[in-house]
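Okay, so chain A shows up in both of these, paired with chain B first and chain C after.
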Partner chain A sequence: MSPLDISASLGHVWQNVFYVLTGVAFGFALERAGFGNARNLAAQFYLKDMRVLKVMFTAIITAMLLIFWANLFGLLDARALFINPTHLWPGILGGLIFGIGFVVGGYCPGTALVSLATLKIDGMLFVLGLAIGMFLFGESIDAMRVFWDTAGNFGELTLPEVLGLGTEWVVFAVVLMALAMFWGAERVEQYFARKNKGEN
Partner chain B sequence: MNKTSPYMNPYLAGVMLGVVLFASFVLFGHGLGASGGVAKIAGAAIDLVTPAHTENSSYLVSLLRSSDNPLDTWLVFEILGVIIGGLISGLLAGRVRLETLRGPHISVRTRWIFAVLGGIITGYGVRLARGCTSSQALSGGAVLSAGSWAFMFAVFAGAYAMAYFVRKLWN
Partner chain C sequence: MNAKIIGVLAAVGAGAGLLVLGQPNLHDRLARLEPELNQKIQSRQIQIDPAELLALRYEDQVGVRIFDLRSESDFNLFHLTDAQRVSLEQISEPAWAKELSPKQVIVLVSNDEEQATQAWKLLSTQKVANLYILAGGINAWIERYAKPDQKKPIANCKNDQLGFRLPSSLGSRHPAADPEPSHGPPEKFEKKVKSLGGGKRKAGGCG
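Entry: the complex of A and B
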């Protein structure tokens, strides 16, 4: 039964080795997907290349389905997994700010690290900016501590709980939504490909 | 010479990323992270320069003083791996080159300024939202956290709303 407790069975050092290896696989996948290049990421927001949406939602539904099935067959205890606590308003406000930074700078934190790893100067500078932005947050947090801690603080809250539906139905709906988005993404790309052809 | 390979099919890359994400849940009980490691390293660097300032900052105290060594955390080990993995993939594809990636109509200097600026805005948002596209959107998304889904749609909304105003950077 997983999740495993590597620290208890193999020790702290081995656990860190596994974290590095997981990171290697993560960074490898991001670079393969083309996410080390800010132009590929920014193109998402001009509807020219929907790579970001396709990779993200394929990854989410793949992991979600594997977790759901592994739990169903008793291989993984889904209740033991970390579920990000819901701080609704700081999350939404932070997400909006994050999105603005994403299209201005061309990266998010993980993709900037991959860009940096492949010697892109813009990726290195974005990571420098991240560090500055985090510092500025640290300097200003005391002024909005109450908002940050309490606004829309629902603790551990899942979509099945919000919607009052069984997990299996929400999983099914998320897969359907992703497939609809993929269909739409392909149509949008075809439209822009035709339009660009017409212009040339 | 130096031929660059094409990128992977996005759906295949997504499956690969999803399997890595699932493996993380099985191995450790939680998903992937990227911004947390950057926060730890950035915080430790500030602490090195001005240790006195750390004690006056509730943010830095909780970031750095909760353990003996703030860098001995999975967040840091994972991003070391991310850099190694990105480098391996880049080398195999012939994409490792010292260069500045930018839109076709802006100068290198302009791109540099906006890369730092975008990083600052993203870094602020990431801490406010308690996570990034990896730790919130991907990881929280896969375990159906309501807040993570709200964050994810907010990211897309913010980016699409801003895209028009910075279109000259990319087009």
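Entry: the complex of A and C
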């Protein structure tokens, strides 16, 4: 039953080969979605091109539905999946820094690597900045360790637990929410397209 | 029909299907995992010798929590120092299992192994880590650590019943509840509790 222990079944070397191939496939999908171009990504923040929202939420609902259908049929033990612990306040602060970096640089870490792989100069500079930022964070984390480890630490928290609803209800609600967002995103894109035409 | 409409119908259909069929509950998952769990139980990988539990209690680096699955009357008669009484209903609650720290060794005890084994299955299904059963249960513990005048065996003792007649309800004040490790040659046992250090952190990231 999944999740598979790749290291145990394939060995350490093939585990790393598998990780590299998965990363390349992910990067290829991002590139094909147009995420290797900072203009496409930054357009999200100006509400002109909502493809980031659409691609991300399509990925979320596809993965979510596959996970819970696989769990239902006994192909996957969903409880064995890693859940990132919730550190609320560090998460909010990190999200703000991440968001500012995204708007200013036009990339998030994954898409910056995709851009680097296609030899875009802005991508290279973004990855350099990313490396410097990671280094500074690593060197300064001890000074903010208490905040980092304890502020808003809720452990492994899931939406069904927070909302007090069954998993299947939350899954269905997230699907409906994503579809409503897709519809809204298309209306916003059409509005800005009309507005731009009017200005030209 | 265009691709967008097909996508919408597929997503709503898949979501509605889950809503109708639901998700497996604890007992469904237990039924699914039972062969794998039974294999571990039969191979005696998870039943720790009383001497190993005693040694763990004196190890500074290891936090041990002992959960006692027996009835309140048996618990009042005798229990291990720091043991906490819980019921099978309590441990079936996901919120209860979630509170258990993965950095501690958890030992389940019953009079022999029957109830502790049931509890082990329920908690293993909920992915509780470092989970063990006291081999032979409280009966084996009393047999090993109580002095002859502190225990009177009960003849024809049934499964998972306290096998000794104890003079009064001493709970953890019974001398065998917290025996000192032997000052003679160390007790021999097969070490089964795995080291808790160096666990790999599995984490995902964003694109």
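The rule we apply is simple: the second predicted complex is superposed on the first by the 200 of 200 C-alpha atoms of A that agree within 3 Å, B and C clash if a C-alpha of one lies under 4 Å from a C-alpha of the other, contacts with A are read in each partner's own complex, and residues count from 1 in each chain.
The rule we apply is simple: a contact is a pair of C-beta atoms (placed from the backbone, for glycine too) under 8 Å apart; a residue touches a chain by one contact, two chains touch by 3 or more.
The shown structure was predicted, so the numbers you read here are calculated from the model rather than taken from an experiment.
Novice: Contacts for A:Gly166 in the overlay, against chain B (first) and chain C (second): which applies, first, second, both or neither?
Specialist: Once the two structures are laid over each other on A, A:Gly166 reaches chain C alone.
Novice: Could you tell me if A:Phe57 is touching chain B, chain C, both of them or neither one (first, second, both, neither)?
Specialist: It touches chain B, and chain C stays clear.
Novice: State whether A:Ala80 touches chain B only (first), chain C only (second), both chains, or neither.
Specialist: A:Ala80 contacts both chain B and chain C.
Novice: Between chain B and chain C, which one contacts more residues of chain A in the superposed model?
Specialist: Residues of chain A touched, chain B against chain C: more for B.
Novice: If you stack the two complexes on chain A, which partner ends up touching A:Gly105: first (chain B), second (chain C), both, or neither?
Specialist: A:Gly105: touches chain B, not chain C.
Novice: Check the residue A:Asn71 against both partner chains and state whether it touches chain B (first), chain C (second), both, or neither.
Specialist: Touch partner of A:Asn71: chain C, not chain B.
Novice: Once the shared chain is lined up, is A:Phe45 touching chain B (first), chain C (second), both, or neither of them?
Specialist: After superposition on chain A, A:Phe45 lies in contact with chain B alone.
Novice: Just checking: does A:Leu179 make contact with chain B only, chain C only, both, or neither of them? Give me first, second, both or neither.
Specialist: Only chain C is touched by A:Leu179; chain B is not.
Novice: In the superposed arrangement, which partner chain does A:Gly36 touch: chain B (first), chain C (second), both, or neither?
Specialist: The first partner, chain B, only.
Novice: Could you list which residues of chain A make contact with chain B in one structure and with chain C in the other?
Specialist: Shared contact residues on chain A: 26, 30, 56, 61, 78, 80, 82, 84, 108-111, 156, 167, 171, 174.
Novice: Which of the residues in chain A end up touching chain B in this complex?
Specialist: 2-4, 6, 15-16, 18-34, 36-40, 42-46, 50-51, 54-64, 66-67, 70, 76, 78, 80-88, 90-123, 125-139, 141-142, 145, 148, 154, 156-162, 167, 170-171, 174, 182
Novice: Would you mind writing out the residues of chain A in touch with chain C in their complex?
Specialist: 1, 26, 30, 35, 56, 61, 65, 68-69, 71-72, 74, 77-80, 82, 84, 108-111, 155-156, 166-169, 171-172, 174-176, 178-179
Novice: Contact residues on chain B for chain A in the complex?
Specialist: Touching chain A: residues 7-8, 10-11, 13-32, 34-35, 38-39, 41-43, 45-46, 57-60, 63, 74, 77-90, 93, 95-103, 111-112, 114-163, 166-167, 169-171 of chain B.
Novice: Can you tell me which positions in chain C touch chain A when the two form their complex?
Specialist: Going through chain C, the ones touching chain A are 8, 11-12, 14-19, 21-24, 29, 32-33, 98, 126-127, 202-207.
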